[in-house]
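First, the structure itself, so that you have it in front of you.
Letters A, B, C and D mark the chains as written, and numbering starts fresh at 1 in each.
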Amino acid sequence: MTPSLLYAFAGAGLCGIGMFGFIQLRHLLRKLLAFNLIGSGTFLVLVGLAQHGQGPDAVPQALVLTGIVVSIAATALAIVLIRRYFHLSGHTSLEADDSDSGQGGAE
Amino acid sequence: MITAWLMAGLLFTPLAWAVLCLLLDFSRGRLVSCLGITVQVLVSLGLWVAVAREGGFLYGLGGWEAPLGIELRVDGLAVTFILLTAIVAGACGLHASVYLAPDNAWYRYFWPLFWFLWAGLNGVWLGGDLFNLYVGLELLSLSAVGLVALGGGINALRASLRYLLAALLGSMAYLLGVALMYGQFGTLSIAGIASLLPETQALVGPGMAMALMLSGLALKTALFPLHGWLPPAHGIAKSPVSALLSALVVKASFYIAARLWLEFGHELGSTAVAQLIGGLGGAAVIWGSWLACRQSQLKQVVAYSSVAQIGYLFLLFPLTFAVSDTASLQAQQGMTLQVVSHALAKAAMFLAAGNLILATGSHQVAGLAGVSHFLPFSLFSFGLAGVSLMGMPPSGGFAAKWMLLQASLASGQWWWIVVLVAGSLLSAAYVFRIYQASFVAKTGVDDFYHPPGSLEVIPLLLALMSLGLALVAEPLLSVMALSLETGGAP
Amino acid sequence: MSLSALLPPITLMTSLLAAVLIFATPEHRSGLRTTINLTAALIKLLLVAIMVWGVFQGVDYHLTFTMLPGVAFTLKADALSVMFAGLSAILWLLTTVYAVGYLEDSPNRSRFFGFFSLCVASTMGIALAGNLFTFLLFYEMLTLATYPLVVHRGTVEALRAGRTYILYTLTGGAVLLVAIAWLHGLVGDLPFRQGGHFQQAASDLETPLTLIFVLLIAGLGVKAAIFPLHGWLPQAMVAPAPVSALLHAVAVVKAGAFGIVRVVYDIYGIESVAALGLLEPLAWLAAFTILYGSVRALSQADLKRRLAFSTISQVSYIILGISLFGPIGTAGGLVHLLHQGIMKITLFFCAGNYAETLGIHRVDELDGAGRRMPGTSIAFTIGAFGMIGTPPLAGFITKWTIASGAIAANMHWAIAVLLLSSILNAAYFLPVVQRLWFREAVNDWPHERFWGRLETSAWLFWPPLITALMTIMVGVLASMPFSPLSWAELIAAREYLP
Amino acid sequence: MMPVLVPAAVLLPLLFPALALVPDSGRIMRYGLPLLPLPALTVALLSGPGWTLELPYLLNGGVWLLDELRRVFLLLTACLWTTAGLYAAGYLHGEHLRRFCAFWGLTLAGNLGLIMAGDIASFYSFFALMTFAAYGLVVHEGSPQALRAGRIYLVMAVLGEMALLAGLIFSASEAQSGMLQDLPPAIAEAEHRDLILGLLITGFGVKAGLPLLHFWLPLAHPVAPTPASAVLSGAMIKAGLLGWLLTLPLAETALPQWGTVMIMAGALASIGAALIGVCQQQAKAVLAYSSISQMGLITIMLGVALADPERAPVIIPVIGLYALHHGLAKGSLFLSAGLSIPAHKQERWLMWALITLPGLALAGLPFTSGAVAKLAMKEALAPEALELGPRALLAPLISAGAIATLLLVLRYLWVLHKHTRTAPNHRAVLMGWLATVLISLLGFWLMPWNLANAPGFLPSPYELWKLGWPMLTALVLAWMVSRSAPGTPSVPAGDGIVLIERLASSIGTGVLRAPTRPRMTRGQKPSYMNLFGRLREILEAKERQFRQGMGLTMLLLVLLLSLL
């Protein structure tokens, strides 16, 4: 069990927890946080598994960096949407789903 | 040399226009974007012609080579999809420029999102390594979510949030798979991994990675039973947006999944997996069509039809696994034809549906009564697109179905024939349900709003293209085939 | 590319172009629309006439290009195709004239005539298709083009009929698609060839070939309204009369029958169908349909429904004829393809005239209509007697030839079927004729309209008379060169050449 | 001249109906009626037999021709139609005039055409044309009786046509030829000989009034307008006979069974029809039965010819002669049924005499056509010349037939006498009738009924007795009956068909009253519908679940895929 593998397993564990949260939680913000947890776990796996013993690999670093940027962008978009959704509906979750039978959007 | 310029134009324009449009309001953005669309279409066309003449090539972005640089695979299939994107997205953009009311403040974000979406699509078609594909996919998903939410009410937001969550979950699963792949092989290039795979002994890690990636992509493609997010999102978005989403965005993730399967499937797949995915595809065909028949809202019908049509695409998996080369080739050709024809047809359908809704002022199917008398044009486009969806000749949908039938027969997997036939009958059921509603005689006068001619022409052109696809299928397929042959080179 | 290769596509384009132009014509420009319609119809008739002559001289009209990998799009004019094309060209012209009169002042005419032309274009395509794939292409196109015509009125019944129609035909089309795809996968692209392809079929192909044949017949049988796939036909009667006329005489029903002819003769080859043991079951099926349609027609009170069931019965004559092994039976089946079209279109024109002029839809309202509308009633009488098979009308020639074929094929029971069906035909047609001429009109007509000097609008008056005259002429002059019978015998002779 | 005149003979009456489309053409058409058969009459009179006219485009290749036998029939037909046409011109009144004239022309065209047709297709075409067009003549009056008669006529005609068609198709296939003259030898050798014979005999038998196929005759003849009845009974019945003569293998091979059957049928017809006929209350019905009876006699001759091929060549011309005689005489009788008796006494007597004479001719009165015909028949059927089983029966049969004939004539005169009106006759009516009577009595002798060793105009004394005793017997019988039983029993016209109709109607009502299937009432859906609805609900709930549980489903998919 090398340290890098330990990182990887930790990452996998984080992913599992995040996944659980993503499925189980109702509150949208919590869901978002769970998503971020999965993201972090994934990055750990990426960095941890990629150390092949020939010294540090530059590629995973670059990848993780990009990945973080992407996930920040996604989080930001999500927050904007959640905020506006809360303003309009007063709900913090997606429970009241009647979109398939309700009114269509304003065209 | 000219191809380098074309590539630069292709990749640069969308991003540049996206940034430019961020600074402008909707009306000005519209003017600028029309120019951009023209450029983009011309560039795509040029690239297609170039590749069709001289064959595909690899293109290092900015002169950087892999692994740190981004290497793009410019082959026949990719340029065909780029051209398809240019046509469909261009049409949707032009349609939107008339369709969307300039006075809504939120719409100023339409053009930037539109261009980001386009950039993402191009990235996905050309991407040669797993991570670039991920980035392209994310760019695509996020702009798509933004477009769905744009200027909508609660329902639109709810749908877009649901869409966003699904997209993110899918991306993460995919990324996790990428991580596992990289951990195993130390490379991200699809071709590179494919060349390493046959020597690899431990297939558990890659197998797991493959499962994760495929599942994530399946979620993004809205494969049954992961399709729950699609109908609300596509149904509630503005019509041009729905058209973009249904025609192109879902195809991007499918495209990645298909490439992964074709490159890695032989080693990492199994008959059970192939049949399972095919089975889900088949279930999607039946389920989606059946639900489409049951919808009372026009755009929901079209949205569920997308679920069904996507199901056909996944028949690629069983039909290319452990079968003869002929069958596999036929399945691949069928799949590409299905992508192209569905993109054209569904875009036409959504745009026409938008026109119809605009004209009747009602979202309901029943609201179409009497339309066939006063508004035959949009209905006609809708009908022609429906012909393609039903897989009636001489449409592209028919050509696709024919190839898939041939593949099923050649591979001995006759049960997919049942799916194909049942699917086309069910799709006929929902298409004709709409015709029927429009043919209901309505006493009274023409109280419909008549959309401007440009709105009516665009879907008609798209529908005609989709309809005539089978007639030019052979030359088109020969260009596309350039990819599948040369795909092995790193 | 020579002119002879281009003639079939040009012929096809004539009506296709007409369809596009008509769709683009504004609703109120009826004069322009009529001009386009008639011009296209005349041009097409001319082109087909040229092709008939050419085929007679042995010119090869053939155009082909690859459409999908391994699949060619082929247009070809051989003796059989120009026969069908000729029928549809002539009857299209007449039906167009008729429809112009019939739909005077009704809404949605651009839509109607557009799809009408599209429908005929598809029929042309079916006629000129050079292989099964191309046939399928136009066969499905026909389904789509006909639907708007069936539901044209937009009433509840029309919509229901449209639904039934589409349900049946699309299912049939799907079955056909599977069958054709299977055949393709098995042996590749098969152009229609006189004598067929499977004379020396390998024995290991026997089972799939049999299955494919059954599927093909099932798929085509829907349009040909073979029992038990006939359910859509009586319902489709709600369509306007010209549509019913076209549907029954030329387009849909005939497309199915024509397809069966193609499959039996030009794909499988009659010898191999016989060798597979499929000919006799087909004949039985046709025989049963003949009787079934006739029996059902007896109890129909609605004139058009009665005609519809009669069509079910009559179209199976074609099938019966071609499933009698031997050139005589073949000629009988083929000639009925034309004869039935001419006779049935006459009857439908007349039914339409009664409906349009007097508001009559039911048989029991027809009492004494012969006095009010002698021209139409004469046409109807001729058509009805033709259907019964009274000499020297068209139907007699058919029955005689088919029956001779049955004797030649040693299938004597077919004669009993023919005779029984003739008796039944008489039983449901003669009362109608009797009512027309020999009953006194009880009271005023339900909805009478007047048109000056003629009994009805001139547009409506002449087409049935012309087709009635044709019914007589094709019978009386059956042995003339280029008559339907001679042409059918020519085809049959070519099909049985070694 | 022939290529023009022959088609004209058929085309003129055939195209005559076109006139009916012209409004107010009734008058022209009415007076055109007697002119229609003139070209045919010219052909029959002026052209020698033996010509053929080929019309290769017609049907399956048409050949029209005239031989001895056909010439006799053509002459009879043309004459009768001419005089009947004259009669009709005066007889008809305004109602539906044009319609009647149209059908008259069509029927005439058929009747003339079938005689001259040499190929099967034209023959059958004209035969069918005549059959169906005659319906228009039968139901012309439009009364319920006429419609009923028409219906029965039509049903039987259709059945007959079908039998005929089948027989012709079979025999044509056997002969590999479309010509009528090739049929008899082919049938004689045919594999399905008996079937073909049965079909042909039945098919033509309907027209010729064979027993059990005769039902339409006594119904249709009385209800049709008088001139139409005359041609129906005089000319059109003979078409069936001609059909037999042309198609049956008379001189080819011995068919004793069929011969016997025909003889029996003929006997039954000649005597049975007479028995029923004398019980009729309508003048024209009596005549119709008389026609059946006469045709029965001819059928006997035909039966003999069938059974004995050696004798057939002798018998066939006799049949022609008999047909000619009967056609003219019966035509005159029928036409007389529509006359009014003038008030003037001498005229009245003259008229009655002229009415009676053709009747007596039928019975074989010396110095009339009947005497020639009867004698020729007796000679042809002389037992010593024949070789068949029931030859001994023939002479008594013929005598019985002669008695029956006169009885029927007397009955006719009696009924006619009771129903006559006193009024002036239309001139055309009178002329038409007179012309027929004259042709029957005088013209007959000029006609070309070429018969080898024909009996002369003057019968020899023993022949006189042969002719006379049945007539005397009949007179005595009639006198006795009229004395002893003033009210004759009445049998409805159409005898057997009445029973059949009753039977059919009782069955029909039985079928109609059969309990109809219980129908599902609205709103009450069958249970499978509920099941379907339930299924739909479940499925829709599932769809909602798919929306909510995306993550979980996704996880499951990943697991599944990686496990596989």
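By our rule, a contact is a pair of C-beta atoms (placed from the backbone, for glycine too) under 8 Å apart; a residue touches a chain by one contact, two chains touch by 3 or more.
As the structure is a computational prediction, the values presented were derived from the model and not from experiment.
For the interfaces B-D and A-B, the C-beta contact count is higher for A-B.
Separation between the centroids of chain A and chain C, computed from CA atoms only, is 65 Å. Centres computed as Cα averages put chain B at a distance of 78 Å from chain D.
We define each chain's centre as the mean of its Cα atoms; on that basis chain A and chain B are separated by 25 Å. A separation of 42 Å divides the Cα centre of chain B from that of chain C.
For chain B, residues that reach two or more other chains under the stated contact definition are 162, 165, 169, 232.
Along chain D, residues 547-549, 551 each make contact with two or more other chains. A complete list of chain pairs in contact reads A-B, A-D, B-C, B-D, C-D.
On chain D, the positions that touch chain A within their shared complex are 544, 547-549, 551-552, 555. Put simply, chain A touches chain B in their complex at residues 8, 15, 22, 28, 31, 35, 38-39, 41-43, 45-46, 48-50, 52, 57-60, 62-63, 66-67, 70, 73-74, 77-78, 81-82, 84-85, 88-89, 94, 97, 99-100, 102-107. Within the complex, the chain B residues that touch chain A are 67-68, 131, 134-135, 138, 142, 145-146, 149, 151-162, 164-165, 168-169, 171-172, 175-176, 178-180, 182-184, 186, 188, 231-232, 235-239, 295, 297, 299-300, 354, 357-358, 363. Across the interface of their complex, chain D is touched by residues 370, 374-375, 378, 385, 388-392, 396-397, 399-400, 403-404, 407-408, 415, 419, 422-423, 426-427, 430, 434, 437-440, 475-480, 483 of chain C. By the touch criterion given at the top, residues 20-21, 56-62, 99, 121-122, 124-125, 127-129, 132, 135-136, 139, 142, 147, 150, 154, 158-159, 161-163, 165-166, 169-170, 172-173 of chain D touch chain C in their complex.
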